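Both of the next two complexes hold subunit A, though its partner changes from subunit B to subunit C.
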Partner chain A sequence: MSKLLTVRDLVVEIPARNIKILDGISFSLEAGQTLGLVGESGCGKSMTCYAVANMLPRGIARTGGSVTFEPGGPGTGKPAVPKVAMIFQDPTSSLNPVHTIGYYLESALYRHQGLKGRDARMEAMRLLERVGIDRARSRLRAYPHQLSGGMNQRVMIAHALAARPQLLIADEPTTALDVTMQAQILHLLEELKAETGMSLMIVSHDLGVIARLADKAAVMYCGKIVETAPVAELLDRPAHPYALALIDCMPSIDPEDLEPPAAIPGSVPLLDSLPAGCHFHPRCSRASGECLARFPEPANIGFVHEASCYHPMVS
Partner chain B sequence: MSTPLLKASGLAKAFRHKTGLFASPTIQLAVNSISLELASRERIGIVGESGSGKSTLGRLLLGLTEPTRGDVWFEGVNHKQRQARDWKAFRMRTSLVQQNPLSALNPQMTVGQQVAEGLLVHHVTGRAGAYERVAAMFERVGLSSAMMSRYPHQMSGGQRQRVVIARALVLDPKLAVFDEAVSALDVSVQAQVVALLRELWQELDLAYVFITHDLRIVRHLVDRIAVMYLGRVVETGGIRSVYEWPRHPYTRALLASVPTMDPRIRNIEPPIKGELDASKVSQGCAFRLRCPFAIDRCATEIPELRPIRVHGAGQHAACHRADEFPQSIAPQIETVPRVDRTPQKETAL
Partner chain C sequence: MTAFILARLMRAVAVLVFTVTLVFIVLRLTGDPAQQMLSDNAGPEALAAFNAKWGLDRSILEQYLYYVANVLRGDFGISFADGREVFTVVSERIPKTLIVTVSAFIVSILIGIPAGILAAMRRESAVDKGVMAAAVVGYSVPNFLLGLVFIFVFAVWLRVLPSSGSSTWSHAVLPIATFALFNAAAVARFMRSTLIDVLGQPYIAAARADGIPPWEIILRHALPNAAIPMVTTLGFVAGGLLGGSALIEPVFAWPGLGSGFVNATNTGDLPVVQAMIVLFTVFMVAINLTVDVLYAVLNPKIRKH
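Take a look at the complex of A and B:
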């Protein structure tokens, strides 16, 4: 497999307040692979996506490290600059309420594929049908408020597909949806990935979603990646205490499993008052003197399995 | 038998729905002939997709919406017979917790003032007494009393949810309705709030209705569950019996839609497709258009909620074929390729 994206020592800051949002993020993604980013709110998962998509909000800047896409170019059958598309958590507020679904899709098709008029309309209808929206012709004239949340998320996905992306970034794509709609959207993403061969970056605080879609997962805490592993390995043998805590707080539907989910004590610290050393130490049962002194370097735990912890769990 | 704390019978709520400027309005039943009883300290979960009518049911129970048909009794008194003064007394003994804590709180008041408001409105305590009660309530929900002077925007989502819970319980109500009280939270915060609610219930004389679409959480918080689809209860029973052997295809689909933590389960078809659409159903079982097991009878005859004999006591399902479903809802792992690099399509079993 060929590499698509390499992120190295990425630092993202709010320069005006001298606050580091992301502190030395490194990962790579291969063509057709799915990376899951998991962690609590405020850990920098979304900001990592914005940095990769080069759409950081105003006032927030990349101050270090690199985000490199493998160039395609002649002979590779790929465009010179790989395209990235992104979908968001709340589809209804991501769509412009004054434009119809048709206008939204057709303008994207014009921008990315140069399609106009009838061609654009036909392609927009095809995309809507592909993402599972029936009566596509009449839906083109609908406004976002006339559609349900699940339907709007499908429109967002169709809009993303109009760009024919090599990388689709999905930031909590199913968090605002019902379980039944979540199952449908997850399956749609699986199918689209298989059809187009695109890579996927999926962000979720729900490890169930990560388990379903991701090939490898990165656990984030306070702007750092604390563990990276293939997803099955991470779920079976987490090394970082934070990864284990996240697994333990996942509820299940198994009637035999009577224990309620175990909460992680405390909460994610604010970025302007991060604890010294390993940022997780105040919430960690394994913390020792070392943990307070210096942030642990990432160390190999197993094959393509890395964790930043002085006291990793080894089974 | 003594009077139940809360009783609803034949409850229905119709909304007029206009599809276009010149279209004649159609009547849709958001809640359709629902009956339920809740004893003191009993906990019931109401689950279903958005649009199933579960929030409307919660509002009907608390008298926040007038029913089109049917009655609600609280402590033996019918809502319809309450005078203004009785409503005030009723409000003191019940409370509602809504989904989004940020919009449920007033951004211009400190959270301490907001928790104290109920005490002052109902003249339970004076100002000094209110301060002490609120401080004690803050400690009880796991917040330090120093946080009372903060504004909602100065708190995290989990802390705000604790404030909303403190506000709901400060008057020591007998009945609370939690409407998606944990759905907007991160899993880790969700686990904390679940632990808090379990603890509080142990200490208090509180019965509650927990409305949610999250089947993973609700089973740790309630004893009984009612599954709603387009205004009707389609299955009800004890948590254990419903989760062990769901008898309505909708309950089965809801349970099978929950993502598992098993990365081998991939590329499976979603258990049901589409979403609720009240406009398409005119007669027969409302679920039949999305139901993979629908037969001719489902199109003509609305299935009654009837007891399931063999398995769990108290379990009821409204399905003509309720007795035919096997116990397992799990997709068979063996048929799904292990961590597939070359994705293939698999059908759910």
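Take a look at the complex of A and C:
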């Protein structure tokens, strides 16, 4: 597989208040691969996506590190600058309420593929049908408020596909949807990834979503990646106590398993008052003096499995 | 859509009937026109004769029914002050007021909307701070005071514009400028905050993520959404202009509805006051109806149930 994206030592800050939101994020993504970002709210998952898509909100800036896409260019059959498309947590508010679905898709098709008029309309209908929306012709005239959340997320996905992206970033794509819709959307994303060969970055606080879609996962805490591993490996043998704690939080549907899911004590610290050393130490049962002094460097735990912990849980 | 407009029309008529009734009753209960119109040493016979002449000695209900019946025939009665038809007295003032208010409305939109958009797009910049500082000054200075300042500067000091009257177009400049600057400030502030609010919505972030150029985001994605609350605000501004004419017109001795209303109130010219309030109500109801219809046109959530 060829590499698509390399992120190295990415630092993202609110310069006005001197707060680091992301502190030295590094990862890479192969073409066609899916990376899952997990962690509690406020740990920097979404901000990592915005930084990769180059759409950080105003007042927030990349102050260090690099985000590099492998150039395609002549001979590779790929465009010189790989296209990135993004879908969001709340599809209904991510669609402009005064525009029809048709306007939304057709203007994207014009922008990304130069399609106009009838061609654009036919392609928009084809995309809607592809993402599983029936009666596509009449849906083109509908406004977002006339469709359900799940349908709007399908529209968002169709819109993302109009850009023919090499990387699709999905920021909590199913969090606002009910469970059955969630499964359908995840299934759709899987299919589309296989069809188009695009890479996928998926953010979720739900390990189930990550386990289903991702090839590898990165666990984030307080603006740092604390563990990276292939998904199966991470679920089987988490090395960082935080990763283990996240896995233990997942409720089981096994009727024999009567134990309630374990909560992680305490809460995510605020970014302007991070504890020194390993940011997780106040909530960690294995913390020692070392952990209070210095943030642990990422260390190899196994094959493509790294964790930033002085006391990893692997024998 | 048709049902929506029809419902609003019915409501407008109901508001009108209610206002006419309320105004009639309140005006009859506050102050005795005979005492206001006649001199202080008028005897009881003179007062009684005045009341009998204008039908003021009958019961309020009787007067009201009589009044409504006449109004429906287009007869608003006779002015106590100069004995002319109220209809003539009032209608000759309408164009004067419309010239000032409509021009001021247009000018305040032409200044306020672009200024607000610019400030919102360049938020926290020198442009934004300059526009907003000017808007705060424009909005905080009472408009009749602004009018006096203008008279002092342009009529007394520079001697380039007349201070009062309405005989030429140059007479209209100062009243329009006074009105327009005050309202342009309000429009700019609302436009800025509305647009900033819209620009913070997820669909704008999504549009940016899609690589849509900034000017297209403003024109195609942000402004159509900002227009919805702006229409409501502009409705208030239009209503404020009409109400404000009672403050501004006397300053410039502009013979419109505003100064006419002030005169009629001072002299207790009940039929004129009453007709003017009804007319103001008609204007307000018309403005609100326009706002409602535009709202439906601009907002697909209302248009498509």
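Simple rule for what comes next: the second predicted complex is superposed on the first by the 314 of 315 C-alpha atoms of A that agree within 3 Å, B and C clash if a C-alpha of one lies under 4 Å from a C-alpha of the other, contacts with A are read in each partner's own complex, and residues count from 1 in each chain.
Here is the rule we use: a residue touches a chain if its C-beta (ideal position, glycine included) is under 8 Å from a C-beta of that chain, and two chains touch if they have at least 3 such contacts.
Values in this document were obtained by computation on a predicted structure and should not be read as measured data.
Participant: Clash or fit: how do subunit B and subunit C relate after the overlay on subunit A?
Facilitator: Pair status: fit.
Participant: Check the residue A:231 against both partner chains and state whether it touches subunit B (first), subunit C (second), both, or neither.
Facilitator: In the superposed model, A:231 contacts subunit B only, not subunit C.
Participant: After lining up the shared chain so the two structures overlap, which partner does A:16 touch, if you call subunit B first and subunit C second: first, second, both or neither?
Facilitator: The answer is neither, since A:16 touches no partner chain.
Participant: What is the value, to the nearest 10 degrees, of the angle subtended at the Cα centroid of subunit A by the Cα centroids of subunit B and subunit C?
Facilitator: Rounded to the nearest ten degrees, it is 70.
Participant: Of the two partner chains, subunit B (first) and subunit C (second), which one does A:86 touch, if any: first, second, both, or neither?
Facilitator: second
Participant: Is A:57 contacted by the first partner subunit B, the second partner subunit C, both or neither?
Facilitator: Once the two structures are laid over each other on A, A:57 reaches subunit C alone.
Participant: Going by the touch definition up top, name the partner, subunit B or subunit C, that contacts more of subunit A.
Facilitator: Looking at subunit A, the partner in contact with more of its residues is B.
Participant: Could you look at A:206 and tell me whether it touches subunit B, subunit C, both or neither (first, second, both, neither)?
Facilitator: first
Participant: Does subunit B (first) or subunit C (second) touch A:246, or do both, or does neither?
Facilitator: It touches subunit B, and subunit C stays clear.
Participant: Please give the least Cα distance, whole angstrom, that subunit B and subunit C reach in the superposed model.
Facilitator: 7
Participant: Applying the document's contact rule, which stretches of subunit C touch subunit A when the two form their complex?
Facilitator: 123, 201-203, 205-212, 220-221, 224-225, 228, 298-301, 304
Participant: Using the touch definition from the top, list the residues of subunit A that touch subunit C in their complex.
Facilitator: Those residues of subunit A that touch subunit C are 53, 55, 57-58, 85-86, 88, 90, 93-100, 107-108, 111, 143, 145-146, 156, 159, 163.
Participant: Taking the complex as given, what residues does subunit A use to touch subunit B?
Facilitator: The touching residues are 40-41, 132, 148-151, 178-184, 186-187, 190-191, 193-194, 205-209, 211-215, 230-232, 235, 245-247, 249-253, 255, 260-264, 267-268.
Participant: Under the stated contact criterion, what part of subunit B meets subunit A in this complex?
Facilitator: Per the touch definition, subunit B meets subunit A at residues 49-51, 156-159, 186-192, 194-195, 198, 213-217, 219-220, 239-240, 243-244, 253-273, 275, 339, 343, 345.
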